[in-house]
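Dropping the structures in below, format is structure tokens.
Each of the next two complexes has chain A plus one other chain: chain B in the first, chain C in the second.
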Partner chain A sequence: MSSARNLTAALRRARVPRPRLALRPIQFTPLTARTFSASTRNADSREIKFTSDAYPNLKRNPNFGEISADDVAHFKELLGSQSAVIDGVTTDATDDIEPFNSDWMRKYRGHTRLVLKPGNAQEVSKVLKYCNERKLAVVPQGGNTGLVGGSVPVFDEIVINTSRMNQIRSFDPASGVLVADAGVILEVADQYLAEHDHLFPLDLGAKGSCHIGGNVSTNAGGLRLLRYGSLHGSVLGLEAVLPDGTIMDALSTLRKNNTGYDLKQLFIGSEGTIGLVTAVSILCPPRPKAVNVAYFGLESFDHVQKAFLAAKGQLSEILSAFELMDGRSQSLVRESTGNKYPLEGEYPFYCLVETSGSNAEHDMAKLESFLESVMGDGIVADGVLAQDETQFQALWRWREGITESLSHLGGTYKYDVSIPLSDLYLLVEDCKARLTEMGFVGDDDSFPVRAVVGYGHMGDSNLHLNVSVRQYNKEVEKAIEPWVYEWIQKRKGSISAEHGLGVAKREFIGYSQNETMVKLMKQLKSVYDPNGIMNPYKYI
Partner chain B sequence: MSGLRILVPIKRVIDYAIKPRINKAQTGVETAGVKHSLNPFDELSIEEAVRLRERKGPIKVEDILALSAGGPKAPDVLRTAMAMGADRAFHIDVPDKGDGGPEPLTVAKMLQAVVKEQNINLVLLGKQAIDGDQGQTGQMLAGLLGWPQATQASKVEIKDEAGTVEVTHEVDGGVETLRAKLPMVITTDLRLNEPRYASLPNIMKAKKKPLEKKTLADLGVEDVRRLKTVRVIEPPPRKGGGKVEDVDGLVSKLKELGAL
Partner chain C sequence: MSSARNLTAALRRARVPRPRLALRPIQFTPLTARTFSASTRNADSREIKFTSDAYPNLKRNPNFGEISADDVAHFKELLGSQSAVIDGVTTDATDDIEPFNSDWMRKYRGHTRLVLKPGNAQEVSKVLKYCNERKLAVVPQGGNTGLVGGSVPVFDEIVINTSRMNQIRSFDPASGVLVADAGVILEVADQYLAEHDHLFPLDLGAKGSCHIGGNVSTNAGGLRLLRYGSLHGSVLGLEAVLPDGTIMDALSTLRKNNTGYDLKQLFIGSEGTIGLVTAVSILCPPRPKAVNVAYFGLESFDHVQKAFLAAKGQLSEILSAFELMDGRSQSLVRESTGNKYPLEGEYPFYCLVETSGSNAEHDMAKLESFLESVMGDGIVADGVLAQDETQFQALWRWREGITESLSHLGGTYKYDVSIPLSDLYLLVEDCKARLTEMGFVGDDDSFPVRAVVGYGHMGDSNLHLNVSVRQYNKEVEKAIEPWVYEWIQKRKGSISAEHGLGVAKREFIGYSQNETMVKLMKQLKSVYDPNGIMNPYKYI
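Let's look at the complex of A and B:
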């Protein structure tokens, strides 16, 4: 570990960006590394590249103050408890700080030397007020499971982690409104709700680590948006702290409240750039009593669209997920897990359809007539229906396991895009054709690209285009970007459907928002955060 | 031997992945509104019966009969069995009384009657149902029939046309291979195979396969109970640990508990 320490020490002396390497080594991480501990980090000998090196055009804002020993002493006094401050300024805490400095994909890494874990909104308020006066930049951080580098520092921004704010404040079974601190882990919130026969209206792969405050701040979408809608609808109220320390108490539990501007909406999806969310009030639906899942093999994307329309029409109110996976994504899952395909033959497209309802017989009757019609009409070539909970989970793993399988096989260029449904898969085909034509795609190690795959939330017109590479390669990157963004712009799509902007997509916002919109956003940012201390170098 | 006529008795139980809860009267587990599915060991038996047919061994599989005793929902699992490949099914109607159903001896007697009536020469059962966890039915049935039995099979092989069967099962520190002649009773264990998914075309076909309803009386068996469940209670809940804020907190907590 001495090398890591020396490197950090060197960086403390002089923050000179290192020249960007043309070829980044593959950074392989087992998925267990999602729940970081210092030791797993230490065990990995390969370093994550600093974001400041990967993005040499990012320069530290000279207006920001430098953290001093006095500042640290102030924070320690302010937060009282020892565990609330991880001090890398006056002590050597490199190993303790590292998990807060980098993301789980090992793509982004900052230089922070201070992590604060306030225990409530008052403490957050005091911290931010002080930072604002001293012009110390901060990064709000939840479970640190983001995909665009939004929750890790770029330079020496102070990390304000929400993990100590982890209390469920109240739940009203009559209205289904849950009020909880920002640092409550999504799965913990859902388990709590399960005891009360309710469900958190958001579900995603990282549920075991991500915080609900982070979910709200990034407007996470997830697997069941189709059924339960966006957080812009289900979040009823927020408590947030503004950069000047003002506590914004908008923690309403009302479904209807037409009094003035709906300011809480600004904090949903603003990635901590105008304030830090400290508590959430959210409307939770009753937990479905009967859940079924079917897995289909289909001959073409045209058939997939027909199946989706049939599902919407015939399953309507019980349809809770309609996920698309292409054949290649499933063969990668098989390669990496060694599991047997659920279906006998191989198909170019697969779909996973889930229903959730309150009456098992009623749901089954509906599902069976739907299955009969799609099989009878030849829309679906083959399919299986989970007969028990174990099969239910096994089928879901074919969808949820894609991200993990890709990470086992090397690097991945990930694009999370929203495109009108009819063109959804065309992007994958075009991208594959383009990269193949340029000679990047091949089966052996001399080709940088292993596969171009597409999967995603068909029900929300949300596609994940993933280019699985054997090693991160500048040439490949140049071939994809900005081509992919231009492609999306032409079809009036969104370059970031649910992952957000963070560091990764910041410079590309222009492909999905016009100049006026970006200008208005910047105005808003300067109203709430005139010193620009909140999550700098990101978003817009 | 002419052909294999296999009987696969199956049971509808609370889903393996669901945590069972004790009912308020403390007489058993709560079954209302809880997801039920096919007993996982029985899934293995059906899969094995279907594989014996697909393997095209020395003896042709002539018939796979799935059977379940239970209330009005029992046909659900029988349809699953037929979607997986069983040819036909018997539903022995036994009303759901929330009392765990007939005892193993009753079930064994019922199966004995079916074996005789249907001229069965191989019975493949799960080694136990995950609700009652009795694990007795297969053995009792073999005793009643006077047939050889091989329990907890991890491999089943029909060796020749004369009906020699080799069954491997796991024992402490190794495996044991048994050889017997048909007719026989085999109970299945987890490592035997990996059950297939019920495919949509087969689910459709299963709807048209014959499902016959019978009663215990039809088979000349009476639902006698020799045991009475007095009380069912949960194990005492595990006491959760507390979190300490820091090292000082830990030390004072340890002192408080007298560990230091």
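Let's look at the complex of A and C:
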């Protein structure tokens, strides 16, 4: 960033003290996805504690059948292909199966001995029908990039992995509607769309690994929900298989279709507990012709709020991301990457503001005027604007790199919460004060907690509170939970804004949903999955 | 429009033959809503045919209770207020009750003798619990502006009208979230938001009468879905009362909340068949600072498609409406209003293009460049751009006035369909050819069909096919149905894009939903409403 050009006339008029902002639009290319490094992915997962040990209150449901050699033979015949069945029942396939048993955060680990990879909805239907009759429990699994242990087994549930359903079925440039199999990787879908000047209306760190079926099943939010909205609005149709083998073909490509209950909505965000999504039809916006990203240093959270309101008002229809990072999150990225800060000084808060539009000149004029106002008014203390693709990627890494930087340090207690904007960062401050008072926080190895970090999607009022620990520690966990959930409940927030419930949050649902809602959810689960075989021990 | 200024330099370069386009941004104010004229509203509704006669296959469900004087006394005590009960059971209140029995199109008419107007969710709960126990059927009713007979009774169902639940509960300008009672009129909500520089993310002709609870219950689409998306994306929370009296408080104001099944989605578009929506929480965008509207004449539907793709590509994030009107629809408006056409010549197709943005100068530059390209390339034959509020309103009336112009002519068979864009207008041509061949279409009164008209929301691939008849005629109806539904089914379209099912479309659902989906919908209905008391004889 040291090559930043000098101030524009507009900024000069605003008498900004340090002339670091330079304005030049750059061409848009997608972010480089967070790659799950080999060290994380291939590490011996047997070191990870079993979920059944970490959650001793979870007991295997005695109504579920035990997988027999006959079952395995049946599945092998049914799916035909050699690569479609990983059999740890009649053979020793532990090493092949372990990656499907555990999650990338090394926090959840199941005991499955069977992984199935059906190739289409018909095969999924046959598998589920058989499992339902035999009462064999299953876990639908996409790219296995979830954060709440929702996509790995707890006991011996059969993993049904979607990776062999990976075809793009159609794309219509006139309407922008993409139809694709559930197992298509998000980045692959987006690259395909890029060739047709369109954009997948969802972007998130795990895009290089996650499957779009998993995105839909978890109602993923990500970096640009602010601009492109929720999947409940953009998903036009779904194909899903119900536990009894019924194939639900609701794969409409129509933007409007008011003919009956919109049942597909139930499968968006239900984490594979009432059915397995096998294909998705989704409305994709035209790819923006110009994208800009700015990175700010700010003196307080009050300044961050003011900057956000100014961005919303002034950047309006071209604002595509407004991300918050606290000072500690950025020092962690610096420590783990060794990179120099984008700004000269250090600040308690940083923001990343992205614009996406159809006219580079207009976008730059709006951005310039916005920068003039927030810097002129002293809302933003210092800032830098990416001037080329490399700088664009580099700035985004200061936001995107936080998760990985934390993962290098040991364990992380992750809380993904939604709180009214004015109180958003107060949670981090209160949590840090509490853990400090309790003697848990410190710089040397005698303290369990290394850092209390806050960052997230300011534009969606969505905070990621991360407590970085030297190792997972029950005392620390007890100090945070249920305190954190009570704190959120008091403010009518959500204990899981975008990560979902999985194993991690299921018992805390009552902090964000009232008894009536939980009762209605359980009723729905029993209607669709009376035997409870779909992703058990999770969700509600 | 005669004061239109001369061409901009850009347009001059494009050598447009007739210099009618003048470019000046105007301030945005909401459209004047379609007012339901007194003549339509207060006409003697006893002339309208009873729905039970028009649909002789509908029989009153013998399991339903008959309303007694005791029931009426119970409701009077329960609701307290004199104005909350219109009692045609123990008194002769026919005249007071008739407006709740019939729809504004004068097409549907029920036999109710009781109208209840509860004041809040608790009162709705008590009413529904009692009705459910007594098996008294009910019809939820908002502004009664629907087009498919969904909001009026068929037999003696009790009307539960939401007009007394009409308070705006809260608005947060930082997040843009509005919480309001179901009975707030759409235009009232939008005017309230205008005072806070925000916009209701839905706009439609009936805004002066329709209730936002009804909008949500019918998943209304309207004029700007293209820009602000579906209610499935913008509605953040709902309060609804289930048939057994359970109050479902899912009135979240959070943009993200992944804690369990998103049950509120089921109430969006379910036409009051599983519960009655009593309040809505909705995400509202900042009000645009500049709005422009242009009106084009085009030589063919192929030109219309090209103009739409050009608008999507070039106007991109500021495009807020792209409406299609055929030549016949515009001549009907001219005949009924006596107004002079906005353009000098006559064309087979017209489009209305609206932009909404945050910067008048930028929007105008984009619009100018768009106009230069579509007029320079000969896609648009002639056009005019509104230069002030009066002209803005006047141009919109050529689109908004079609429904009312048709209503002056006699009856209208209305089809609200979604079809892939390339075939959108073919339906009108095929329908007209069919009815002409069958000898139904002609200028003098011996022909039952006066006109076959097509218009609609091009941006959503949503066509309104209207067959204007001198009076409702079973022969004509039989010539159109089920032919029109088969035509749509072949193209995988929707037989009801935004109007819903109601009485009008219920028996045709199979043309847009497969058997599995219909079975799953019926299962859901029986879960929520086992006695079937909610809005019976309609929907599925």
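Following the convention adopted for this analysis, the second predicted complex is superposed on the first by the 494 of 540 C-alpha atoms of A that agree within 3 Å, B and C clash if a C-alpha of one lies under 4 Å from a C-alpha of the other, contacts with A are read in each partner's own complex, and residues count from 1 in each chain.
In this section, contacts are C-beta pairs under 8 Å (C-beta built on N, C-alpha and C of every residue); 3 or more make two chains touch, one makes a residue touch a chain.
Every value quoted in this text rests on a predicted model; they were computed, and no experiment measured them.
Student: Which partner, chain B or chain C, is in contact with more residues of chain A?
Tutor: C
Student: If you stack the two complexes on chain A, which partner ends up touching A:G357: first (chain B), second (chain C), both, or neither?
Tutor: After superposing on A, A:G357 lies in contact with chain C but is clear of chain B.
Student: Between chain B (first) and chain C (second), which does A:V380 come into contact with in this model arrangement: first, second, both, or neither?
Tutor: A:V380 contacts chain B only, not chain C.
Student: Just chain B (first), just chain C (second), both, or neither: which does A:L343 touch?
Tutor: first
Student: If we overlay the two complexes on their shared chain A, which of chain B and chain C does A:L204 touch? Say first, second, both or neither.
Tutor: neither
Student: What is the contact status of A:L78 with respect to chain B (first) and chain C (second): first, second, both, or neither?
Tutor: So A:L78 meets neither chain B nor chain C here.
Student: Contact-wise, after the overlay, does A:N258 reach chain B, chain C, both or neither (first, second, both, neither)?
Tutor: second
Student: Show which residues of chain A both chain B and chain C reach, each in its own complex.
Tutor: In the superposed arrangement, which is not itself an observed complex, chain A uses no residue for both chain B and chain C.
Student: Could you list, by residue number, the parts of chain A that touch chain B in their complex?
Tutor: Its residues touching chain B are 81-83, 289-290, 294-295, 340, 342-344, 360, 368, 371-372, 375, 380, 382-393, 395.
Student: State the interface residues of chain B toward chain A in the complex, per the touch definition above.
Tutor: Of all residues in chain B, those touching chain A are 15-18, 33, 35, 37-38, 40, 80, 83, 194, 197-201, 203-204, 245-248.
Student: Quick check: in the complex, which residue numbers of chain C touch chain A?
Tutor: Residues 172, 174-175, 218-219, 221, 225, 229-230, 232-234, 246-250, 252-263, 265-266, 268-270, 274, 286, 288, 305, 309, 312-318, 357-359, 362, 365-366, 418, 420-422, 457, 460-462, 492-501, 505, 509, 512-514, 516-518, 520-521, 523-525, 527, 539-540.
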